[in-house]
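Sending over a structure as structure tokens; questions will come in a sec.
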Amino acid sequence: MEKTTVNLHSRPKLKSPVLVEGLPGMGYVGKLAAEHLAEELHAQKFAELYSPFFPHHVVIETNGTLRSLRYEFYHAHADSKDIIILVGDVQPVSSEGHYEVAERVLDVAKQFGVKRLFTLGGHATGRYSRGKPKVVGVGDSKLLKEFRARGVTIEKGGGPIIGAAGLLLGLGKLRGIQGVCLLGETHGAVVDHRSAQAVLEMLVDVLGIKIDMSALERRAKKTEQMLERIRREIERRERKERRAEEKEAWYIG
Amino acid sequence: MEKTTVNLHSRPKLKSPVLVEGLPGMGYVGKLAAEHLAEELHAQKFAELYSPFFPHHVVIETNGTLRSLRYEFYHAHADSKDIIILVGDVQPVSSEGHYEVAERVLDVAKQFGVKRLFTLGGHATGRYSRGKPKVVGVGDSKLLKEFRARGVTIEKGGGPIIGAAGLLLGLGKLRGIQGVCLLGETHGAVVDHRSAQAVLEMLVDVLGIKIDMSALERRAKKTEQMLERIRREIERRERKERRAEEKEAWYIG
Amino acid sequence: MEKTTVNLHSRPKLKSPVLVEGLPGMGYVGKLAAEHLAEELHAQKFAELYSPFFPHHVVIETNGTLRSLRYEFYHAHADSKDIIILVGDVQPVSSEGHYEVAERVLDVAKQFGVKRLFTLGGHATGRYSRGKPKVVGVGDSKLLKEFRARGVTIEKGGGPIIGAAGLLLGLGKLRGIQGVCLLGETHGAVVDHRSAQAVLEMLVDVLGIKIDMSALERRAKKTEQMLERIRREIERRERKERRAEEKEAWYIG
Amino acid sequence: MEKTTVNLHSRPKLKSPVLVEGLPGMGYVGKLAAEHLAEELHAQKFAELYSPFFPHHVVIETNGTLRSLRYEFYHAHADSKDIIILVGDVQPVSSEGHYEVAERVLDVAKQFGVKRLFTLGGHATGRYSRGKPKVVGVGDSKLLKEFRARGVTIEKGGGPIIGAAGLLLGLGKLRGIQGVCLLGETHGAVVDHRSAQAVLEMLVDVLGIKIDMSALERRAKKTEQMLERIRREIERRERKERRAEEKEAWYIG
């Protein structure tokens, strides 16, 4: 394998589909959201992508078999809309690899007439915050308006978006495909179902489709509880340290 | 050399051979096992592989000559079975190089009609354990059954397998060649003949061939003794530290 | 995108233009100078360059849209001279990428009949110095004389020039295009409008064109004030430390 | 420049020339030796090699001009022998680049009928030793005998030789060109004319040519004096530390 390769298993007939991407990244937000979407829509796999720009290791499946790292393309039909969902094990290793793989994904998008790209990811804050995670959006102005109306914060001139979620949109734009990148706020160090849920809710609302969120919600609750425990532990320690400092201050005084 | 190159010295006629791979890696387990197999079966070299993806250094031989880094393909005939054995000096430097070199190896496998791949390696535990090292297997379900019957542990959904042993199987599968990866438990920091022996015993048993293990066993004994010395030294130090701590505790008390 | 790509938006007719390059680097000196030049000359964009050798991220614009990283080519006409100005978001990631991208830039230069290259950059000193930053020049001997007459210091046998500013000249020379690299002295850790102004003043003087420097001057003043504050703070701390040391010395004595 | 490129300035007619290589490396031993050889033989430059695998910087010459990094091929005629001398500014950045550039050098060697390769370099010991530096040789057995007769130590099964000096021989052998690598012992952190002289003396003796060593000898004396100073300073400090320790021991005792 000297080049990134797409193996097409079937050629589904799709009418102006949108492509939803969710690959591993910050808090696994994008991957969790896209996988949940594929699951709930009973999406069918129709293609796999392999690349020499992926890391040089393999995945061991739960039945003891192994397989090469890959991206998977699924298609689904919901509320009279065709959707392609892209999920995968990894992101490419090098910058050069990122560009090549993104172009191969866009080749598939073009081949099936994709008109809109929605890339999902996490926006690392390094904080364990309470409440519903904020969802940040960047991309095509027209599309962004629809998201803003639903509560998405428009990111203006912030830092760069690193990796596939940004690159697919940037390179897609050069090839005439508009889209939006939705980033759920997340701590960054924890697999975050809660943030994935927030991102997915925004997406399906704009897409005008309905999916069952209960499975993701259940997992999100667990994330919530874990984050709450971590937060309390941090607060407990800070209080303890503060008291220790006060005591010390008193003695010295 | 801009591309990985295979120099064929001869074209042995082989009947549905299996390919056994053992390259440098954790504890040198795979390399030791495959080299011992080649030696005991009086295997004949029929090809060499060179690659610009290998490190930019050369090997100095014991007679003062030097040569480029390479993989070597040997063939052997044992108990009416044809076997190709792949050994080598190194593994490729980059992920991209790993993929290219693995594909060139699979080209050779395809050319000679290889039906089964057996890749050998070590599974680093970071511990110096006593007794026979466990052998872990992943790969084709049918083949795995035969190994399980002989005591191989089937790895289910564990971490990734990094490097040639996994990649050859992953990419081989995409090209229709099934196989199994056998990993002997090993500390990781010590060249481990003991683990190589454990892996090789499993392999030859399933292959249905017999080889003399005495040379490997002799070296394995030395590994055993070295590991035993390291283990005792570690225990001695731990005891000493524990006593020092107890003494200290007594004084303070 | 497997190769660096130039998208030509128009084909301006230019008469023996010079090319002025200013990409991000030390103190952003080159980029600031070239962008100011383009702005003041009301230069028109006629081409964009995209490359898989750029980092794998995208830029978020102030209106919430995003775009791929790129170089931009502008053309301007001033005092009967044609000028191409090259600015960009980044420099390539790898050495190999640096060479490929530089050759593509030179392709554009050749296509439009460029006879002279002027590359702008910063020369990091690690010091916050007062007064007008020195401008250092290297390149074609004849051209250098004109700069020396205006106060540019000729760098002789110093360290290497790393990145696009040097590489474009080195590779340009091999293709028959002469030029000069102008480096403004700068601390290195601060965005330095002051140094950019010094470099640009030298350049326009030799080019024989006039541009309004007031906007750059205003920003340069701010840099000046910031550097002055940093310098005073450093001096204050040094004095404090010195006094603390003297006191200590006295007690010990 | 996407590929390594050789610019031939002339096509000298050479009779079975040998190629002597000396590129930057440990102690600059190889480069110093090869450059001295070229100088003393009044060798003529006939080719330059440029590569995208070289670092992305340029060299500033002592007259303020700059140029791309390069290898240079010189030819000389001495005592009825034709000699090609390869010197250069750098070695390639990546392993892959090392392989490509070495093959392009061998293309030139083949084109001019080179029968023997002599690669020169340093062998870092990390020690400042007195006396004539040992010269170590590896390579073709027949050629090595001639060197052994003159005092070269044959390295048997030692560590790898990293970089161009080894790689050219390894890849040359695969293309039917035999040769020897001569490595002068050197500290590694100091530019070592003394070691370069030792290596060059061995080489010219075997080549059967005579060159004036006085310039190299003068510089070698300076290296000698510098090394002597460093050695004395190290000894002085060690003595001081030892005395301090003895004193301390006395007090405790």
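Couple of notes before you dig in:
Each chain gets a letter, A, B, C and D, in the order it is written, and its residues are counted from 1.
What we mean here is this: a contact is a pair of C-beta atoms (placed from the backbone, for glycine too) under 8 Å apart; a residue touches a chain by one contact, two chains touch by 3 or more.
Treat the numbers as computed from the prediction; the structure is a model and nothing was measured.
Chains making contact with chain A as well as with chain C: none in this assembly. Where the sister copies chain B and chain D meet, the same residue numbers recur on both sides for under half of the interface positions.
Ranked by distance of CA centroids from chain A, the top chain is D. Chain B and chain C, compared by their mean Cα positions, are separated by 53 Å.
Chain geometry summary: the mean Cα position of chain C and that of chain D are 37 Å apart.
Within chain C, the positions touching two or more other chains are listed as 94. Touching chain pairs in this entry, ordered by label, are A-B, A-C, B-D, C-D.
Interface residues of chain B facing chain D in the complex, by the touch rule stated above, are 1-2, 7, 50-69, 93-94, 97. Residue ranges on chain D touching chain B, taken from their complex, read 92, 94-96, 98-100, 102-103, 137-141, 144, 154-163, 166-167, 169-171, 173-174, 181.
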